[in-house]
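Have a look at the structure below before the remarks.
Chain naming follows the written order as A, B, C, D, E and F, and within any one chain the residues start at number 1.
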Amino acid sequence: MKLIIAIIQPHRLEEVKDELYHAGINLITVSEVLGHGRQKGVTEYYRGTKESGNLLRKIRLEIAVNEEFVEPTIKALIKGAKTGEVGDGKIFVYDLNECIRIRTEERGPNAIG
Amino acid sequence: MKRFKFLLLGIFTLLSQLVFSQDVTSKINSGDTAWMLISTALVMFMTAPALALFYGGLVKRKNVLNILMQCFITLAVVSLLWVICGYTLSFSPKSLIPGFIGNFDFAFLKNVGLGASDTYATTIPHLLFVIYQGMFAVITPALIIGAFAERMKFSSFLIFVIVWCIFVYFPVAHWIWSTDGWLFKLGVVDFAGGIVVHINAGIASLVAAIMIGKRKYLKPTPPHNLTFTMFGAAMLWFGWFGFNAGSALGANGLAANAFVVTNTAAAAAVVIWFILDLFFVKKPTMLGSATGAIAGLAAITPAAGFVDVGASIVIGAASSLICYFMVVFVKNKIGYDDALDAFGVHGIGGIFGSIIVGVFASPLIQSAYSGLLFGNPKQLFIQVFGSVVVIVYSLVLTIIIFKVIDIFMGLRVSEKEEAMGLDITQHNERGYTVIE
Amino acid sequence: MKRFKFLLLGIFTLLSQLVFSQDVTSKINSGDTAWMLISTALVMFMTAPALALFYGGLVKRKNVLNILMQCFITLAVVSLLWVICGYTLSFSPKSLIPGFIGNFDFAFLKNVGLGASDTYATTIPHLLFVIYQGMFAVITPALIIGAFAERMKFSSFLIFVIVWCIFVYFPVAHWIWSTDGWLFKLGVVDFAGGIVVHINAGIASLVAAIMIGKRKYLKPTPPHNLTFTMFGAAMLWFGWFGFNAGSALGANGLAANAFVVTNTAAAAAVVIWFILDLFFVKKPTMLGSATGAIAGLAAITPAAGFVDVGASIVIGAASSLICYFMVVFVKNKIGYDDALDAFGVHGIGGIFGSIIVGVFASPLIQSAYSGLLFGNPKQLFIQVFGSVVVIVYSLVLTIIIFKVIDIFMGLRVSEKEEAMGLDITQHNERGYTVIE
Amino acid sequence: MKRFKFLLLGIFTLLSQLVFSQDVTSKINSGDTAWMLISTALVMFMTAPALALFYGGLVKRKNVLNILMQCFITLAVVSLLWVICGYTLSFSPKSLIPGFIGNFDFAFLKNVGLGASDTYATTIPHLLFVIYQGMFAVITPALIIGAFAERMKFSSFLIFVIVWCIFVYFPVAHWIWSTDGWLFKLGVVDFAGGIVVHINAGIASLVAAIMIGKRKYLKPTPPHNLTFTMFGAAMLWFGWFGFNAGSALGANGLAANAFVVTNTAAAAAVVIWFILDLFFVKKPTMLGSATGAIAGLAAITPAAGFVDVGASIVIGAASSLICYFMVVFVKNKIGYDDALDAFGVHGIGGIFGSIIVGVFASPLIQSAYSGLLFGNPKQLFIQVFGSVVVIVYSLVLTIIIFKVIDIFMGLRVSEKEEAMGLDITQHNERGYTVIE
Amino acid sequence: MKLIIAIIQPHRLEEVKDELYHAGINLITVSEVLGHGRQKGVTEYYRGTKESGNLLRKIRLEIAVNEEFVEPTIKALIKGAKTGEVGDGKIFVYDLNECIRIRTEERGPNAIG
Amino acid sequence: MKLIIAIIQPHRLEEVKDELYHAGINLITVSEVLGHGRQKGVTEYYRGTKESGNLLRKIRLEIAVNEEFVEPTIKALIKGAKTGEVGDGKIFVYDLNECIRIRTEERGPNAIG
């Protein structure tokens, strides 16, 4: 089992959700984060005072999948999120030791989907 | 910037030499004046904060300041425009083009004094009539913001507001509300702006929505803060008492009638939208109730000084019904993106109200005005005629204005700017901090 | 829905044939009218947005729209109810049951004209008196929302509001404010609604809180947005000037007195709650100050036209003290879940104010009214009697109404709906977006 | 607490024995009274919610309630102080120290009746004049909150407000607005508080910002909620009509003129700030427009009853220009931390307006008052003199007051408390829930 | 050392915190997320426009524990969060390589608690 | 590759960002969380009702780095976040199996920076 974390542009969320859905991935956890990457943060001004280096809004997706779904998920994420411009984000993959469905107390690969 | 300052200094020198008419005390009724002072403040309150809250809550978080800024800058710019040339073009009883547009007698408010006007609102200071009408000029273009929300370039927006006021609002106000106006002379009635404000802005909204095109994103996003929208709707309702009851231009029985029918029409409209929501989406919605209120208020606006309480219930209810179908079904069928339903609510509500006053106008409210139901079918035809004229005029002129702006400076922000949001790209600001 | 439309058409036909009394200009004072127009708008402003902000900020995020919707729909529905039958049942000087409830002389506002009433507020248009009183009818049931917040079925709520107005508010208003009312004739005084509004709504709140039962969750959650609550409290304070000073029914010295004592009582109440907070929780709290203000405002309401500034400080301070103990200690001891303290603040404050006016009423304010301190102990007894009568009536009737609604449609949402929040389950909407 | 209650009871006993002057009906004009009633409510509205929204949106999330609480408690405490001793010290025509401070003739509002005053505002109830002026006393110290935001101890803040009112506000108001005031007798004019309110509070803000020191954090944080700031700015604009047009003390041509120039000056100031933003930061900002509006409003305040529309455009525009440079360049150069620019906007705008009225005052508005441009250079000198006197007085006294408070109780919260936020450390509350 | 991530229903947070407390787990990090799982998202309507497939509010817990606490933590989470209805959530368990307490710069198992 | 998660005090964010920047770490993802640790939650009162045990606001940083950057990152985090008082927070380090830059579809250590 793997856990996939993706940081994407907020306005690609709908596309990413669609692509994941078509790849058969329905279970996701989403949160709002701020990111600082290669993308230059937009400059803000408040009463003439410059605030640069600001963090940009990003969406963080957390998707736990069984091994065979890892590559399809990555593909779907890239398909939905890629615009080719700086700021498109990253995908991180980790090992997942255990997964438990709270409702049924099932464990392991069965609990993921 | 420098040029602007010179201009201002010029204006000032000019004005300092003017002689204000000084018959201050004569004829002025302090009760009427008190009511019109606060009514003016109430109409100002409608544009900001009320409309800003109403519209601002409906957009995405990343575009909220853009909406607020559009409302605020409209208040500032049109306020200036109004004292410079708006009032005189709209209300001067002498005209540049007879019946069509006023002359410059009152430019920079010269010849407008602290005393009462001979022509309009003869029991309150002329200056007060000026500023009361000015707040109507402010809110009308502000209503259009709802149509092109979340995608219009701020610079183009600003030019649009100025040009549209000059070529559309001021003439139309002149036609209908000036004693010199050709539609006024024809007998078209519009108590508080059903034609001048709501039809006018509503049609411009339709044009704007179509010409600027749809917002780019896969699916609609829900309003970012419906509580703001509700607070805004309630504040609009509150301000609307100044808008409609203030249009009696005095503190009298007519104002009281306008107040009551305004409230009742809004109430009936809320109830009908509520019922339609129950029927079509199974649950009554807050956004629906707020929208319904505006639909009822827009429709009663032209009629508030002519119809009785019974009629107001019918008008509010029917307007809500019609607007519901426009917003929920027709818009999606046709497929233009009137983002916040400026046309669907203000335009449609305004058209309905402006026509229906020709049916319900009752001589028991103002003895000089009767509608179809009181034996005067002519009024209905006049109202239809007046409405159609303004619809066509606003339609054609707004198309031209948008086209010209599009050619010279473009209407839309880039796709990337739209994705990033207008707050950061148009104003270098964000509405809210995420992390502190 | 169809039936409703037919009903509306019926109403309209009826109304169109009415003859409005037309002695418009006679007797009407434009200054009084101006003040009452804006006072009416101010009282409307109290229900929405003010109360919506105040209550809305106190609940959980998932229930905020439900509160807002309850305020808004109360405004709409009671506005209609008022013109249809509320005004006539409450204020008709002729009665169905003498002293107890008005007859239908003013149903659909027939016989109500643009001229002044012979009976009430004889210097302003009768219609204006109607709508001013209507806004009181609107806010009273809206106050009760605080008691059953976060758990009541919306449909049951709506039925409750309508039925409660008809069987509780209209009669009680008649008893105390109609010239035909039996308590009025007994000499019970209630300047701006201490009994009619605050006791009435407060007792109904207590009943509601007990009968609907506690909210289901382990621990109390903090208010989701205390800034809203503060803005709401400030707006209520602002609107209350229309409520209390407007109850002078004219722009005069009495209105000025009511204005001043309203402000001072609120101020004193804030200071006392502040001190109690310092004493009991070591820090002064924003929520405490806001709550204190309302406690002071509720208590001064019945007294604003009868007491002087000195008395207002005592009344505000004492009300704050009593409400503090109710809300902070007694409620938790007894254990009913008056979610937003509608009883603890409005009810208790209203009872205290309605009685204490019998002590402090000063002939220097209105020469016809004196309290205990000015040698008229009888007034105190009358006030206690009037308050007790309304407490008992409101208590019994509200129990019956809740019981019947419970039997026919149930009062509470399901446990699962409560957990998910009322916004999504009752209205298919959310107040705020989380991610965009 | 107990002592306080005894005090209250004492006060009450005192008051109950007073005889109110009862010539209620004589001379009172209902229209003027109506306008002053609502104007008073509007000025109250400025402190809360308007200023609370404006300032509250500008701070960090963790400090928002502290700002709101400061506004709210100022409203409460100064309201009480005003009826107890503020009004009499400020406005009693008889004096403790001739020309400098009033005597105690009107302490606890004794001798203030429902009838008109002989001295001030002779067409409205004396009590109404009292409360109208009271709202000015409330908002003045509230403005200073902007200077020491996000770091002042709440207890020290509260003591400061009370002491500052007694030793700074009441005397200065007496000098300029009392018929006994020495600056008044000298001919200093201040229509609605350019000197008394804005210079006074602005200079105190500068002192406060410098004496309390900078906020501790590495980089400035953006405003936590700019939408609040915009709503607040719009509501301030709205309330300012009561502030300025209300200062005509009646519903008349002068009020209308004040209304118009207030609106136009604000509009011009917004436009200039907009242009400067375009020039210096390339994009027009919402915060800039809101700030500009306040700069224009502050500057027109002393002039609103003396200048015409043309002059108002110049005044608004120039004030915006000057404040822009103060806030954006000078402040950062000098390096004091006037957190929300209370000095940079109110102080500077107030100084500019108070002086410039000596240039633009036009006899066509009030025939008794002319400025430099209308052949009366003396007025300019008088205005400069009056402004300088108040600047020096406010400066010195505020330094002393801050120093003394610092010695006895300290001014600042601890560094840790500042890091955690003032809401939780000063009030044991949080503005918003994060998770529910 | 393990890291346990749990996605739970918002209204179960108090119960879960209580159960964790009774199991001796006091150190947690909580955040708000949106989840899409088997639970059908509630339909929303805005001016008659349907918005389905919406994400539902969930709470995400992050708990770093030493090995011997893994099972007690899981038990406590299930006890507090389980209602038996779809939407109850999931528990994910990962390996944690290192843990550092910033205040003391302690490392490893000692830093966890 | 490792993933570093740090929970810090909100008012140390600017310092931490600065220290990371000086250590050559520019790519971070930030979010707001609530934490319950050794630090006693502040007591809140609402109309006299005590709410204790409340969660405190914290900032969560997520930083993916190559091995050689792990220690410098930890040092920078400690330098920026440490005040010596309870509540300073924790740093957690995990193994990262894979990292993909969405824009370029690069994988592995190259995609991290």
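One rule holds in what follows: contacts are C-beta pairs under 8 Å (C-beta built on N, C-alpha and C of every residue); 3 or more make two chains touch, one makes a residue touch a chain.
This structure is a prediction, so every number in the text was calculated from the model and none was measured.
Trainee: Provide the labels of all chains in contact with subunit A and in contact with subunit E.
Mentor: Both subunit A and subunit E are touched by B, C, D, F, going by the contact rule given at the top.
Trainee: Out of curiosity, which chains are bumping into both subunit C and subunit F?
Mentor: Neighbours common to subunit C and subunit F are A, B, D, E.
Trainee: Which listed pair, B-E, D-F or D-E, reproduces C-F with over half its contact pairs identical?
Mentor: Selected from B-E, D-F or D-E as the counterpart of C-F: B-E.
Trainee: Counting only Cα atoms for the centres, state how far subunit A is from subunit C in Å.
Mentor: 50
Trainee: Provide the C-alpha centroid distance between subunit C and subunit E, rounded to the nearest whole angstrom.
Mentor: Computed value for the inter-centroid distance: 44 Å.
Trainee: Among the residues of subunit D, pick out those that touch two or more other chains and give their numbers.
Mentor: 29-32, 34-35, 38, 62, 219, 222-223, 251, 281, 283, 285, 287, 428-430, 434-436
Trainee: By the touch rule stated above, which residues of subunit F touch at least two different other chains?
Mentor: 30-32, 34, 44-46, 55, 85, 94-95
Trainee: Should the pattern of chain-chain touching be classed as line, ring, star, complete or other?
Mentor: Shape of the chain contacts: complete, all pairs touching.
Trainee: Spell out the part of subunit E that touches subunit F in their complex, as residue ranges.
Mentor: Residues 3, 17, 26-31, 62, 64, 94-103, 105, 111 of subunit E touch subunit F in their complex.
Trainee: Quick one: in the complex, what on subunit A touches subunit C?
Mentor: 10, 13, 30-32, 59
Trainee: Mind listing the subunit E positions that touch subunit B in their complex?
Mentor: Residues 44-51.
Trainee: Please output the residues of subunit D touching subunit F within their complex, sorted ascending.
Mentor: Within the complex, subunit D touches subunit F at residues 62, 217-219, 416, 419-420, 424-425, 428-430, 434-435.
Trainee: In their shared complex, at which residues does subunit B touch subunit F?
Mentor: Listed in rising order, the residues are 434-436.
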